[in-house]
Every structure is written in C-alpha cells, then in structure tokens.
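Following are the structures in question.
In what follows, chain A forms one complex with chain B and a second complex with chain C.
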Partner chain A sequence: MLEALWEGLLLVLQWKAFGFMLLGIGLGFWVGLLPGLGGATTLALMLPFIYTMQPVEAFAFLLGMHAVVATTGDITSVLFGLPGEATSAATVVDGYAMTKKGEAGRALGAALASSLVGAIVGAVALAAAIPVVRPLVLTFGSPELFMLAIVGLAFIASLSGEGARGMVRGFIAAGLGLLLATVGQDPQAGVARFTFDTLYLWQGLDLVPVLVGIFAIPEIIDLFVRGNSIAGNAPPGKVAKGAWEGVKDTYRHFWLTIRCSLIGTFIGIMPGLGGSVAQWMAYGHAAQSAKTPEERKQFGQGDVRGVLGPGAANNSKEGGSLIPTVAFGVPGSTSMAILLGGFLLLGLVPGPDMLTKHVAVTYSMVWTIVIANVITVAVCFLFLDRLASITEVKGHRLIPVILVLVFIGSYTSNSHYADLLVTLVFGGVGYLMVRAGWARAPFVLGLVLGKIAENYLYISTARYEAAWLARPVVMVLIAVAIAVVVYPFFQTRWRKRHG
Partner chain B sequence: MKRRQLLVAAIGLAAAPMVMAQSFAGKTVTIIVGYKPGGGYDATARMLARHLPKHIPGRPTVIVQNMSGANSVIAANHVYNVAKPDGLTIGTFNRNLPIAQLTGVDGVKYDITKFAWIGSAANESTILAIRADLPYKNFEELRKAKETVVIGSTGPGANTHDFPLLLKDLVGVNLKIVSGYSSSADIMLAVERKEVDGRAGSFTSLRPFIERGVVRPIVRARSTEPGIDKLPVDESFAPNPRAKAIMALRSAPELVARPYVMPPKTPAEIVKAMREAFARTIDDPELVAEGKKSKIDLEYMPGDQAQKILADVMNQPKDLVAEFAKYIKFGE
Partner chain C sequence: MAKKATLALAIGIMLAAAYAVFAAKGWQWKAALFPLAIGIPLFFLAAIEVAWAFAAKEAAEEPVPNSALPWAWMIGFLALIVLLGFPIAVAVFVFVYLKVQGKEGWLFSIVLTAAVWGAFYGLFDMMLHLPFPAGWLLEWLGLAA
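Let's turn to the complex of A and B:
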C-alpha cells in the first residue's frame, strides 16, 4: 500500500500533471470566490478539455479545481456574509460576526487553516478507508441514512438560542425549514406541493438563492443603516492583522478541528446526503463544545470555533465523497457525477478495479486534494491581511458591489427572475429573524435535511415496515440523537450543581 | 434622408432570413438545455455544440445555455413562445414533455407537434434489471415469483418508476416499487446492499453493472439497441390490447429521447439546413470517437419522423389517455 501511495505522489508531481493542477487551482480559486458559479457547473464546463489528457493529468486538473472551490468559498462568507457556495453558508454565522468585530483576518486565517487540516484529514481517511470502503458504505442503508438526518436535526438543540424560549424558537424555525423543504413535486405520489401553480417552484426551492437571501440581505441592510464600514464598530488598527492568530486558533482547538474533519469525511462518504449537510453538522458539533452557557451565547456572535468546524468539514468531505464514486461508480454528488463522466472519458471504469489495479491513480487523487489545498492556503496567506482591510471600506462604496454579487449569485442557480424574488423574500425573512433575535442556523438545518429525512423515512418504512427500527446501527444512531438533544440540558444542570 | 435609411433597414430585415438560410457566418447559435449542467441532456448538447459549427453553413459559434426548472417545461415554453424563429435558438429538453401535454399538466404552454423539429439525437432503451443472485433468470420466472420483488425508483415520471409500474399493474408481476431515491446511482447502491432487488433505467446507465455481474437484464421496452435486442419486450406480455396501448404510449417518447427543436414557424430552409447539419454532425467520425469514449451513443432521427411519432402520441383517444393518466404522471 505504501508503495502505491508513493507511486501516486510521483504521478501528481510529474511536471505536466502538476502544471494542470496549478491551472485547475487558479480556476477553482475564482469560482469559489464568486458566489453562484458553483463547482459542479465549472466541472461540466471544463470536462471537454480533458479529452487529450492522461488520466492523472485530468484528475489533477479537475480535482485541483474542485478541491479549492470549497476553500475559497469560505473567504466570501467571512468577508461579506455572503455564502460563496451553498456548501460554505455555515461559515457565515460566526465568520461574518467576527468580521464585524474587526477580526476578519483572524476569521480568514482560521477558515483557511482549518480547511487545510480538513483536506488532509479527508485525504488520509480516503487513503486509509480504501481497503474497507465497500463494507463501510454498504452498512449504511436508507434507515441508517434517515437516522443520520435525524442526528443532524438533533443539533437544533444546541444551535438554538438560550433557555426554553430560545429552544422553542429554534424548533419553530427548524419546522419552517422542514416545511419549506417539501415545496415541489414529491417523489412518491408525484403531487405538486406548495407550488401555487408556478412552474418555478415545481422542483423545490434552490438552496443558493435562499441562503444568499437569508444571510447576506440582513447584513447589507445592517451595513446600510450603520452608515460606516463592515468592521466600523471595531477599534481601529485591529483589522488588518490577525491571520496568524487564526492559524493558532486552529491548533488551540486542534481536536475539535479533527473531529469536525472526521464528521465531514463521514458525511461525504455517505452518498445521498449531499454537500451542504456536512458543514452544518460540524457547526452543531462545534457549538456543543461550548462549556458554559456564557460561552454558548458567543456562538453566532463571533466564536472562532464556529468558523473552524464548518471550515474543516467543508474540505474533508471532498475526500470522503470520492469514495463511493471511485469504489462503486456511484457518485455522491453532482460534482462527482460529472467527475464520473471524466473517468469514463479516460477509459477508466470506476468500481473495484480502482482499489486494486488502478490504485495508484486513486492515490494520486488523494494527493491532488492535499497539495491543491496546501498551495491555495499558502497563496491566500500572502494577501490575507490585505484582503481583510476590505472590511474597512465605507459601506456606501461596498454595498453596490456586494449587491451585484448577491443577485448574480442567486440568478445563476436557474437563470430565472424568480431566483431574485426568492432571494429578496428570504432576505426579508432573515432580517425579521435577526431583528427578533431568532437563530437562523436551525432554519437552514431544517431546509437542508428536510428532503433527505422525508425520502429515506418513506423508503425505510415502505421497504422494511417497522422492522427498520430494530437494525443495530439505527439503534446506535437513535441513542446518539437522544444524547445530542439532552446534552445541553445535562450540561447546564451539571454546571449548576458543581459551579 | 431618415426615411431612406429606414427603408434600407426594412429591406435588410426582410432579406435577413433568406441570407441566413445560406449562411450563419458570424452568428451565435444557442442550444437551450432544460436542465442544469451535469446530466445526460446537458452532456449530449455540449458534445453536439463542439462539433456542430463545422457542419452548419458559415461556421457559426454554437453555445449551450442551461435553463432548468419544472423538468424543463420552462425551457420548452421559452423556445415555443419567446425565442425568435430565426434558427439561432435550438431547444433540447425532457423527452417526456409530450406526456405532460397529453395529460394536461398545468403550465404547459407549447404544442409539441408544432415546434420546428430538427430531430432526435439518440434513442433511449429502458430495461428492468434484477440482482444476479436472485433465483429468477428470465421474465417468465420473475412473473411466477411467489415473493415480492422490490424495485427502487426515483419517482413518478421517471423510467425508473413508470416502466416497472406498468409491469406490476398491467401484467401483474409481483413487484413492489419503493420511490424516493435521489438518483439512479443511489438506487444502484441500494441494489448492492440488497435493500432493493433491482431497478429499471436506461441500458446505458445499467450496462457497467450488468457487465460486472451485479444485475441481470430481464425485460425491455420497445426502443432497443445492440446488446439487448434479444430481451423480451414488455408489450408482448400485455394481457389485452388496451394494456398494450398504454405501454406503447409510455415508451413512445423514448424513441425521441434527445429531442432538438426550434421555435414554431422557423423558415423551412433553415430547418432543412439544421437537419442536414445535425445528420452530418452525428455521423462525424470525431464526434463518434468522442461519444465512444464518454459512452454517449448518438443516432440521428430526422425531424419529420420524430414529429410523426409524437403526433401519434397526441392523437390517442380520450378514454385511453384518461386511463393512461391513472398510471403515469409527468415528472423528473
């Protein structure tokens, strides 16, 4: 195995493959930065260019690009509160709050450093999982996937505001999210739900316009009302430094970063859960690491752990989602489906062969993910502090630029004017939630997990009736979900008794 | 002076379509795809867009634009009602759009037979495959199965759902259809972990798993291609002519699986030029070689033929359509 690992590295380091990887990184960098233009679309556009390449060159190019998108997507999230990708929305919550406190540099440093850790953990997990991947993936059937979604929903308990009132609000928001996830034609009876006879809503709400609206619009209004810069209320002289502090934060919370990376990898391996789930689960887990109620209150107000968690998970899931694609020829996401097209184009048949005969190629992919992230993070650090000083630019100069990014970002999801309408409506919803002090994370969690939970519950019951509840992994996951829900209560009680 | 300029402009405009038919030089032809990037419709359109310019008079630029939503009804409505009939807009969309029109889906604002049809770039062969470790080796054995055979599906309107549904409801095969999987790849994984016993879908997507010995093909629909022509056809097991007609109606759009159209009233000479261009492009050795690599098999069916097949679909008696709509919903 070590030999194959070494061989894989040498394959990537050939000058041609390496050159193509650099090209991919350059492209992915911008795609991630600009909201809307997603990684999947870019992969589809770039596919024709690989016809004449060798497999290793092609994957260095495509994966290099894809691995970087998730990393630089976080930059837009942190700087402008505008999710650069659907998969980097969780970074907005604490990342942008830190930016407003004048800690943009630190938040960016933390996001990038944790991305790097995440990428490495994901790649190592991918490399280590290759021998056991088939049984691992096959253990998780629809009932288990349903329970994973439930575990995800259980994190609402720790993502909601403080006290009974915060909890009730959290569950109402999550309920609303779940409800909105049902919009569109249902896959069981084919009935159109909540579409109000419009064609646009037929396939459900797109995540990007909703996320861009709910996170970015309230912040733009806030910036406009305040009349100064994004970091306008922060003490002067603090903004343009701190990137290194963010790196140190990553090591201060090293095990949290590792745990969140593992969560990301695991969710990535499970096909059918989708990319946007991983970071929210990681965010929920990070919020749980708060030891006191006072600490917990800091989440959403700019706690660096709220950046580290999603940052790590976001990149580690890439390694994970390669696993079902490579080992079964079953892609875990749209991007992976396009990549699978690339495999076929190059004459490689994904499946068991990739784990034995072509294992060096598989390992070269692992290396590409790692090296691409190392390079990106290194390059980013060169101008991170300067990037952070954007947050000192006066709002009236910045708002038009951000607004353009907001609307281009949402419009690119369907090229339909209704995309803009959705952004505005959810911008309004987001603004009301912020004003009333409701946490937005539970709402998004409900929206992201709703469809998954519904479909896998239906499949589990249709296939096994009630018997699926007795499956061992399901029972373990039920216990985990309960533990996640009651943990905050016990924590408070324990503090009271001993504090 | 002004009037003269106007006159010149008017003459220019009137003459434009004629000039265009001879040459698309310097123009941009847009292919509108009714789905987001990443699927088969998109991949086919992008492959054609790369090779079409060589075969269209004047070598225009050909680009692909994605217009997703409502299983591509939005794109079809756009090409039918908004796009100009000047040969610069081509639409490609869900092959089941005729079914949407036939069953009276809300929001349909096109008449499928009135598009200016370029033709179809491929046909699609739907088959049902079951796990190779099951005791049923052929359709007759599956039909006599005592135990229920579970089939995974993505949802109504997809061939993963509708094809086995008719076998179950009309032929009486002991199937149970479990829907809600996010993609056909997702069902494949469920097959591997034995959560379901099989799935229906296009032969192209199932072929690697048949070759690997994971599943065994059992029965196919009318549309066929080399490799499965020996499989029995679902219609041959229909208990009565009515059931047979319903099955035939479901599979008709699969003969026109990659529809390419232009707006209604596109001048005949432009349609002719495009049909010739598509025919030549699909035979182009470079495209064939590329298709072989990426496992996209193209086969051109001329527009008039496609139009005839779909006109037949639209001309079915009302009571048959009503019964058909009981089983088949438009979706995906």
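Let's turn to the complex of A and C:
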C-alpha cells in the first residue's frame, strides 16, 4: 500500500499532471467565489477537455478544480453572507455574523484552516477505507438512509432555538423546507404537485435561488438600513487581522474539527445524501458540543465553532464521496456522477480494477485532494487581510455589486427569469425569519433533504411496508433522533438541579 | 416586529400546510404520502406557534428601521433585467444606485460601473457564453440583436 501511495504522489508531481492541477485549482478558485456557478456545472463544462489527457492528468485537473470549490465558496459566505456554493450555506450563519462583529479575518482563517483539516481527513479516509467500506455501504439500505435524514433534521431543529418554543419553531422551519421540496413532478406517480400550472415549477424549486434569497437578501437589507460597512463600527485595523487567530481556533477546537470532518466523510460515503447535507449535520454537531444553554445561544451570533464544523465537513466529504464512486461506480453526489463520466471517457471502469490494476491512479486522486487544498489555502492566506478589508468598504458601494452577483447567481442556475422572482420571494421569507428570530438552518436542511427523504421513505414502505421500522440500524437511528430531541431538556433540568 | 413577523410566518405556514393536505387528498397515495406525512403535523405545529404568539406577552421592542427602500431597489433591478435584459440592466442599475442612493461622484460611479459591467460581460458572456436574452421591452420594440 505504501508503495502505491508513493507512486500516486509521483504521478501527481509529474510536470504535466501538476500543471493541469494548477489550472484546475485556478478555475475552481473563481468558481467557488462566484455565487451560482456551481462546482458540478463547471465539472460538466470541463469534461470535454479531458479526451486527450492521460487518466492522472485528467483527474488532477478535474479533482484539483472540484476540491477547492468548497474552500473558496466559504470566502463569499463569510464576507458577504452570500453562499458562493450551495455547499457553503451553513458557513453564512456564524461566519457572516463574525464579519459583522469585525472578525472577518478570524472567520476566514478558521474557515480555511478547517477546510484544510477536513480535506486531509477526507483524503486519508479515502486511502484507508477503500478495502473496508463495502460492508458499511451495504448495511445502509433505503430505510437506514431515510432515518439518517430524519436524525439530521432532528439535530438541526432541536438545536436552533432556546427551550420548547425554539424547538417547535425549528421543526416548523424544517417541515416547511420538507414540504417545499415536494413541489414539482413526483418521481413515483408523475403527478405535478403544487405547480399551479406553471412549467417552471415542474422540476421543483432549485436550491440556488432559494439559498441566495434566504441568506443574502436579509443581509443586504440589513446593510442598507444600517448605512455603514459590513464590519459596522468595528475598530479600524481589527477586521483585517485575526486570520491566525482563526487558525489557532481550529487547533483550540481540534477534536471538534476532526469529528465534523468525519461526519462529512461519512455523509460523503453514503450515496445520495450529498454535500449540502454534510455541512448542516456538522453545524448541528458543533452546536450540540456547546456545554451550556448560554453557550449554545452564541451559535448564530458569530461563534467560531459554527464556522469550523461546516468548513471541515464541506471538504472532507469529497474524499468520502470518492469512495463509493471509485470502489463500486456508485456516485455519492452530482459532481461524483459527472466525475464517473470522466472515468468512462478515459476508459477506466470503477470497481475492483481501481483497487488493483489502477491503484496508483486511485492514490493520485488522494494526493490531488490534499495538494490542491494546501495550495489554495496558502494562496488565500497571502490575500486574506486584503479580502477581509472588503468588509470595511461603505455599504452603498458594495450593495450594487452584491446585488448583481445575487441576481446573476440565481439566474444562471436555470437561465429563467422566474429564478429571480424565487430569490426575492425567499428573500422575503428569510427577512421575516430573521426579524422573528427563527433559525434558517432547519428550513434549508429540510429543503435539501426533502426529495431524498421522500424517495427513501417510498422505497422503504413499498419494499418492506411497516417492517422497515424494525430493522436494527433503523431502531438505533430512531433512538438517536429521540435522544437528540429530548437531550436539551434533560441537560437544562440537570443543570437546574445541580445549580 | 418580532411578534408580527412570527405571526405572519406561522399563519402563512399554517395556510400552506392546509392547502398542501387539501391538494394531496386528490392524488394517488404514492404522490400523496409525503406531503400528507409532513403537511398534517406542520399544520398543528404552526397552529401551536400562532397560539403561543397570541398568548405571549413580549417585552417592548426596539423600533425596526423601514425596509421599503431596499425592497424597492431590488424589485426595480428585477424589473430592469426583465425589461432591458441583463447586459443593459447591470450597467444602468449599478450607475443609478451609486449616483442616486450612494450620492457618489461622476468619476467614481462611471469607473465602478465600467468595472462591474466589464467583469460581468467578460466572464459570463464572453468566456462562459451563458445565455442572457434581450429584455421584453427591447424585443417588443424590435431592437433585440
């Protein structure tokens, strides 16, 4: 194994492969920064260019590009409250709150350092897990994957507010997200649900316009009415400093970063759950790591742990989702499905061959993920202080630029004017949620998980009827979901009793 | 405002859930299963929140700044995009916003508008060839390229 690992490194460091990787990193850097230009779309656009490449060069190019999209996507989320990628939305919650407190540098440092840790954990998992992952993936059928989605929702909903009322609001927001995920043509019976006779809604609500609306619009309104810069009245000079403080935060909460990286890897391995889920699960876990209700209240107000968790999970999921793609030819996400197309274009068949005959190519992918992230984080750190200084620019100079990004980002998801309307409508919903003090995270996770959960619920019920509820892993996951919901009440009671 | 916003959200969600359940009743069970499984509990949870919001006595709140103006700018930008198409709307919106709302000087407004438009056109139109149709007004006047 060590020999193959070494061979994989040498393959990536060949000048041609390394050059293609740098080109991919350059592209991925900008794709991540610009909202609306998704990593999956760019992978698809670049696929025709790999025809003439060798497998190692092609994967260095494609994976180099894909591996850094999530890392730089966090930068836009932290600086402008505008998710650069659908997979960077969770970073907005605490990252942008830190920016408004004048801690943009610290938030960016934490996001980048945790991204690097996450990428390394994901790559190590990819290297180590290939021989042993088969039984794990086979243990999780549709009932288990459905319950995993429910556990994720329970996590976020129960942690998104204080007391019973906060929890009810969390579940309402999650329920609204799940309900809106059913808009569009139903995959089982072909019924057009809640489409109001419009063709646009047949394919359902696209995630990008909804996310951009629900997160960016309320922040733009806030910036407008405050009339100053994003960093507000933070002391001059404080904003740009603190990147190293963010790095130190990563090591202060090292085990949390590692745990969130492992959550990301695990979600990545599970086919069909996708990267947008991993970040919220990690956010939920980070929030649950708070020891007291007072500490938990800091989440959403600019707690650095709310940046570290999603940052780590976002990047570790890449290594995780490569595992089923490489080992079984089962892609864990849209991007991996496109990458699978790349395998086939190059004449490689995912499966046992990738673990024997082409094992050096497989390990070159591991190295590409690690090296691409190290280079990106190093380059970002060179410009971090300047990037953070953007938050000191007057609001009225930034707003038109951000609004152009918001509308173009939304429009490019379907090239339909209705995307812009969806952005404004959900901007209104997001504005009301901010004003009412409701958390937006459960809503987004509900929307992300809705289609997946419905599909797994249908397959489970159609295949096993009610007997799926008695499967051992399902029962464990039901117990975990109940524990997650009741834990905050027990915690509060225990603290009251013990002073 | 927090109470009003909560009521607006909770009542809106209650109505949406009621409509979802009502609409789902007419579908095959395959299509209706999930909307019913979500819609029914969601309706009751939202009703609980509405009752909670009416019953709770909330502390005096800070006055909320008027958000009508930023909404007007955003809706105006959307209207410009639909009527004139992205390439013209981006330039017009950025310039007018900087001059009217930002009260910036002519030089700064022109330079920033040119920079934003150049980045938009160079990246999305020239490099990525994304389709940006001419606006409805230009099409109606027969000026669309």
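As a convention for this text, the second predicted complex is superposed on the first by the 494 of 499 C-alpha atoms of A that agree within 3 Å, B and C clash if a C-alpha of one lies under 4 Å from a C-alpha of the other, contacts with A are read in each partner's own complex, and residues count from 1 in each chain.
The rule is short, and it goes like this: contacts are C-beta pairs under 8 Å (C-beta built on N, C-alpha and C of every residue); 3 or more make two chains touch, one makes a residue touch a chain.
Predicted model, so just to flag it, every value in this text is computed and none were measured.
A.B. asks: Using the superposition on chain A, tell me whether chain B and chain C clash or fit.
C.D. replies: fit
A.B. asks: Report for A:G300: first if it touches chain B alone, second if chain C alone, otherwise both or neither.
C.D. replies: A:G300: touches no partner chain.
A.B. asks: Classify the contacts of A:L421 with the two partner chains as first (chain B alone), second (chain C alone), both, or neither.
C.D. replies: In the superposed model, A:L421 contacts chain C only, not chain B.
A.B. asks: Given the touch rule stated above, what does A:R165 touch, chain B (first), chain C (second), both, or neither?
C.D. replies: Second partner only, chain C.
A.B. asks: Can A:I217 be said to touch chain B (first), chain C (second), both, or neither?
C.D. replies: second
A.B. asks: Does the superposition put A:Y458 against chain B (first), chain C (second), both, or neither?
C.D. replies: In the superposition, A:Y458 touches chain B and chain C alike.
A.B. asks: Considering only touches as defined above, state whether A:P324 meets chain B (first), chain C (second), both or neither.
C.D. replies: It touches chain B, and chain C stays clear.
A.B. asks: Let me test your reading of the model: by the given contact rule, A:G26 touches which partner, first (chain B), second (chain C), both or neither?
C.D. replies: In the superposed model, A:G26 contacts neither chain B nor chain C.
A.B. asks: Taking the superposition as given, does A:Q188 touch the first partner, chain B, the second, chain C, both, or neither?
C.D. replies: both
A.B. asks: After overlaying the two complexes, what is the shortest C-alpha distance between chain B and chain C, in Å?
C.D. replies: Comparing every C-alpha of chain B with every C-alpha of chain C, the smallest gap is 7 Å.
A.B. asks: Of all the chain A residues, which ones make contact with chain B and with chain C?
C.D. replies: 45, 186, 188-189, 415, 454, 458
A.B. asks: For chain B, which residues count as touching chain A in their complex?
C.D. replies: 36-39, 42-43, 46, 50, 65-71, 73-74, 77, 106-107, 150, 152, 154-157, 176, 178-183, 185-186, 188-190, 192-193, 195-196, 208-209, 212, 290, 293-295, 329-331
A.B. asks: Which bits of chain C are touching chain A when the two form their complex?
C.D. replies: Against chain A, the touching part of chain C is residues 1-2, 5-6, 8-10, 13, 16-17, 20, 23-24, 27-28, 30-31, 33-35, 37-39, 41-42, 45-46, 48-49, 52, 64-67, 69-71, 73-75, 77-78, 81-82, 86, 90, 93-94, 97-98, 101-104, 112, 116, 120, 123-124, 128, 130-131.
A.B. asks: Which of the residues in chain A come into contact with chain B in the complex?
C.D. replies: Result: residues 40-41, 43-45, 47-48, 51, 137-139, 141-142, 185-190, 197-200, 202-203, 271-272, 324, 328-331, 334, 337-338, 341, 344-347, 349, 351-352, 414-416, 454-456, 458-459, 462-463 of chain A touch chain B.
A.B. asks: Note which residues of chain A are touching chain C in the complex, please.
C.D. replies: Chain A reaches chain C through residues 34, 37, 45, 165, 168-169, 171-172, 175-176, 178-179, 182, 186, 188-189, 191, 193-194, 217, 220-221, 224-225, 394, 396-397, 399-401, 403-404, 407-408, 411-412, 415, 417, 420-421, 424, 427, 429, 431-433, 435-438, 450, 453-454, 457-458, 461.
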